[in-house]
Amino acid sequence: MARKFDIRLITPVTTTGIRDLAEIAHLESADLGFSHSMIDIGPPSIESEFDDALAVPGTLAKALQAEREGVDAIVIDCMADPGLKPVRELVKVPVLGPSETCMHLASMLGHRFSIVTVLESVRPLLGNLARAYGVADRLASLEVVDIPVLELHARLEEVQEALAEKALLAVRHQHADVIVLGCTGFLGCADRISRRLLAEGYDIPVIDPIPATVLMAAGMVRAGLRHSKKAYATPVIKPLIGFTIDR
Amino acid sequence: MARKFDIRLITPVTTTGIRDLAEIAHLESADLGFSHSMIDIGPPSIESEFDDALAVPGTLAKALQAEREGVDAIVIDCMADPGLKPVRELVKVPVLGPSETCMHLASMLGHRFSIVTVLESVRPLLGNLARAYGVADRLASLEVVDIPVLELHARLEEVQEALAEKALLAVRHQHADVIVLGCTGFLGCADRISRRLLAEGYDIPVIDPIPATVLMAAGMVRAGLRHSKKAYATPVIKPLIGFTIDR
Amino acid sequence: MARKFDIRLITPVTTTGIRDLAEIAHLESADLGFSHSMIDIGPPSIESEFDDALAVPGTLAKALQAEREGVDAIVIDCMADPGLKPVRELVKVPVLGPSETCMHLASMLGHRFSIVTVLESVRPLLGNLARAYGVADRLASLEVVDIPVLELHARLEEVQEALAEKALLAVRHQHADVIVLGCTGFLGCADRISRRLLAEGYDIPVIDPIPATVLMAAGMVRAGLRHSKKAYATPVIKPLIGFTIDR
Amino acid sequence: MARKFDIRLITPVTTTGIRDLAEIAHLESADLGFSHSMIDIGPPSIESEFDDALAVPGTLAKALQAEREGVDAIVIDCMADPGLKPVRELVKVPVLGPSETCMHLASMLGHRFSIVTVLESVRPLLGNLARAYGVADRLASLEVVDIPVLELHARLEEVQEALAEKALLAVRHQHADVIVLGCTGFLGCADRISRRLLAEGYDIPVIDPIPATVLMAAGMVRAGLRHSKKAYATPVIKPLIGFTIDR
Amino acid sequence: MARKFDIRLITPVTTTGIRDLAEIAHLESADLGFSHSMIDIGPPSIESEFDDALAVPGTLAKALQAEREGVDAIVIDCMADPGLKPVRELVKVPVLGPSETCMHLASMLGHRFSIVTVLESVRPLLGNLARAYGVADRLASLEVVDIPVLELHARLEEVQEALAEKALLAVRHQHADVIVLGCTGFLGCADRISRRLLAEGYDIPVIDPIPATVLMAAGMVRAGLRHSKKAYATPVIKPLIGFTIDR
Amino acid sequence: MARKFDIRLITPVTTTGIRDLAEIAHLESADLGFSHSMIDIGPPSIESEFDDALAVPGTLAKALQAEREGVDAIVIDCMADPGLKPVRELVKVPVLGPSETCMHLASMLGHRFSIVTVLESVRPLLGNLARAYGVADRLASLEVVDIPVLELHARLEEVQEALAEKALLAVRHQHADVIVLGCTGFLGCADRISRRLLAEGYDIPVIDPIPATVLMAAGMVRAGLRHSKKAYATPVIKPLIGFTIDR
């Protein structure tokens, strides 16, 4: 296989520097590489349905551009899965949301999973996604570290400690047997939480959404699978006002 | 009560003239009036997740403006309920989507309802909403007349005939006992379908989404009810790029 | 509109004086009025399936009488919704139960609601209704103030304090984001609970069942909607023993 | 065991002669006997929610009387299970409804069951019971022979033929693998349907509700099991008007 | 009835002496007797999916032998219901698993049941069975006494005390209104737990799985019911390696 | 990465030659290779719960051996997922069942999937798995080509034609928008079905279970994920009779 598969990570926020591909470079291989883009219009971070909604137009534009550039799959870099359904309509290459992917993965790795996320304001959003994805009865609990997305980097030590504490709480009191990190901004934190859980006697997977999702995307690409165009029909072209997303 | 309650209908498409308040003027009363706005940016009609997504930013802007103008409730004029959740975050006045409202109403008026809508491309969207709203097990079927939104007006006779035929099909073969019109562009068609069903021996409610939803909105306003700000927390103000929706 | 719509409240207990229409007089308007009746046979209050069952024959009689008197809709004045289904069979005007109506309303105003009710003995009844109405997965919890229906009036201060405490408990520990008052005898208590919740930082709707339900009934009437006669077929007349409910 | 267990069958209709204990006499044994009563007030047959509701007060009275007479269990002789929950509150001996019992039995004997019942008007009632009993996802279909209860006896041949036809339909087109007879008036018809199904190559249980339910009742009695008094708390005695059911 | 019905209890473990038919001899009657066998190959006790899987081949062999010996029904003596589905395929006589039977019974005796079982390792297994049997939403909680199966006999006093404590916990904090003993090794412990619950004011059924299941099996046999051969088709005979189960 | 990841395919039947690794050799890559084993004891093919049960002991033995040989993940080569749960208890490396994996994949690629499988006898088994995996409400239908596993190879042309016909049926009449091949013996048939669907206007993914599952397994391995040892606790070692699976 001469050419590498190209998985495009689209970070659906406008805060430059928030995502560094180097953090997942170790996942590249002989036939797999990653590329990256950020949206031009939208919010600086996603912590509400409001932010999520405003991230979608920019995500659609970047997804279309990615397909034109020949990427093999698209991963939306946010646990709110902004634009997952409309992007699937717009393009033919596989499109993965980390929330959908990790909730299904979690369902395969154990019986009940808990999601540990950033803020209380994200609780309804993730709860609704669990329902939409059909796994609400496996969601043991949603836990919150109460730290905004844009402060995660600066308060990394505190973040990791809080994640481990909340994960332990879910395992001990909610019968969670799998942990899903509930924000793609937690990239790289899984190992420490795993070790902490193991130290307390719990051999439990901690799913880091971006590594898990890009690798599942690679698997889909290698398997030649993409989403159904009956479920996600390519939209008819109609004249838009204020947006220039023409196929 | 000196002042009339003002229910603002926001039509989330850019096709001017598609909605005429005169069509619901007979629902006004001593304490109830309607006002209307359309979005400035977005798609000409909503027939896909893609259209739906691009309708949301404009709907957010118009909802914020409506609240500032002092309306008492907002009804989003589309069965895709575009932006229902982010709009609820953004404003404090009650916000109703016709799809959510009519699916709950239908659940109260019978045991199993069918939705008759415009195009096959809308089927997944409405099916997913039924699941999200928790009424999927009451959805007897989704039927489609196969006529695009922007042709409804010109092909009214054909539309009405097709709606009646599909409604009958759902009643006879899917055990539907309530019919929901699955597009707000069908406004005014319910009576004819009801009469047709009655002529065939079926005394069954046919829910016309806009009249039903604006009147339920009026009921909520009169009852002093609005959505939970714990479920739909007002979003933190962060600098947006490409959108100017500041609270 | 020369004539007022007449919403008939049927209180399905035999304790005279328990319901005073003056308490909802402020909800009347130019085209909306309320009338009232109580059942002639049945229990003094409804706090069990047993009470509920014995309230139904009297409720059927009063509903038939109401329809003959030309009312536009019927609201059954009890959170057990006694006789909701058979009354819908018997009459053609819309019939609303406050439990069904408020559980659907609560599902539209937030993501998870708690019901605060009178006695532990009512817990299974309300839990079963939530299941029957399809909203069990949105029911965060059932809370109980442990005060019998017939003592509510005399112990009003205590009732209100207990309701607020239990509502706070549900919000804080069960992730409830909407509160439903679980007895129509709590009429008028919602405001104080709302204020208490707000004082603690929770901007959350508290649904007072009777105001909410009569106004939803008014909305249905104005929308020309009534229940499906396919779902609730008018029963065949057969000779009854011990009851005289002839249509 | 000197004394026989006494299972009381309460037929909740006023049509005398509709039930003959001789039809289940072959199920009696050394330690098991049956007794019978009919209600004094109520409808002649149960074919609607209306009939069901009016059968309950009489059933409560007869159940209380049965318990006082020392019966060991009560079986309500109607697939609508009229009064099942209030009767359980009123008495301590086990109370079984044939619908609840047979739906659980059917869930144990196969994967998907169909109910073949009398009239279209009973469809919603049985569908709602399946939902209430938690087995709706195992209900393959409801089939209807379109013959009223009070004509079953006179039109027996036609009834049996229709039952077999509808059962075959459910098996062939709805993937049903268990058949439940949906009216206790079909007592004795199961064998012929079984034979017909077998002749067509389907070795499938056909559950005759009364034999199945009285024998399950006997099993419960022998096991010393009765319903939970936490789930079905004995109601507080309050003065009733129009009914004389005092405990 | 000259001949007694013979219910065969198959204990799917290899620890001889673990089951003594004398413990259920009091349930025999004029037309009902019990017989017993143990598996020849398999695990000494069942406390995991691993144990469960290895118990099945031996159980299949003993079930086939039982049918050939003319038993009327088979009860698998373990709350994991090992081999329930394949055994039903293999034989025509009714086959009951205590877990399936008692979960359905519990659903009929109350609204929410808790299972008190042996070890934490059995929690997922029983939770999965509740889901498979369609009663997961009635399962209030799973409680664990943390005592291995093979120590139950020797530590009987401690077992009974722990069962009562855990049952009380479930009733008080999880709204359980029925208790199911979650291991057939608890045979005989129900009375003491019932008395303890009653002493604390809870009149709640405690289901002892083996007595309940053999009596339900007897009821099925008397009713002439057995499982569907469409749901559990007799398997085609193909040459096996390592097992000699030929029909 | 010097060493290739080794995904072990365990074919849980005793028919030698039924699986040829060459068929998936094109999926190997610089860091990914496949190895294979078959069970020593068990059935020649899996077409029933009976076959499934007898395949498990051999699968456990081969899984333990695979882990000792240092494989990185195990894929069970049968859509019945025989032994999936006990194997996960026994080993620490990830264990995937094609049925579980493909049902989750199908849920991500569309809204409703149909499974096309070999024989009617497999219908209940796959239906129960869909329920156990939590995706039953996305299962549009189960279709059957009526050809036994051991005849698939010899009747390949007929098999492919039948698969395409049944897939089309599901898409046209059951609203399926994703197709899952319901037997790992269909390996290699997906392309032709896809082309046929496309020729009829349906751009729909057809999931070939083995390629999809081994690649998902590879993704899990690369992501460092394995199943929860809290959900699948390693079983305590107890002396077995008739099996020699010692850890």
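Couple of notes before you dig in:
Each chain gets a letter, A, B, C, D, E and F, in the order it is written, and its residues are counted from 1.
We take it that contacts are C-beta pairs under 8 Å (C-beta built on N, C-alpha and C of every residue); 3 or more make two chains touch, one makes a residue touch a chain.
All values derive from a computational prediction rather than experimental measurement.
Under the contact definition, subunit C and subunit E share the contacting chains A, D.
Under the touch definition stated at the top, subunit B and subunit F share these contacting partners: A, D. The angle of the rotation carrying subunit A onto subunit F, fitted on C-alpha atoms and rounded to the nearest 5, is 180°. For this pair, subunit A with subunit E, the centres built from the Cα atoms lie 44 Å apart. Centroids built from CA atoms put subunit F at 31 Å from subunit E. Across the assembly, subunit D contributes residues 111, 124, 128, 131, 137, 177, 231-232 that each touch 2 or more other chains. Inter-chain contacts, as defined above, occur between A-B, A-C, A-E, A-F, B-C, B-D, B-F, C-D, C-E, D-E, D-F, E-F.
Residues of subunit B that touch subunit C in their complex: 1, 27, 29-31, 96, 100-101, 104-105, 107-112, 133-135, 137-138, 171, 177-178, 202-205, 207-208, 211-212, 215-216, 218-220, 222-232. On the side of subunit C, the complex with subunit E involves touching residues 123-124, 127-128, 131, 136. Subunit A meets subunit B in the complex at residues 14, 40-45, 47-54, 56-58, 60, 83, 85-86, 88-90, 120-121, 124, 128, 131-132, 148, 231-233, 235-236, 238-243, 245.
Contact residues on subunit B toward subunit D in their complex (touch as defined above): 111, 137, 175, 177.
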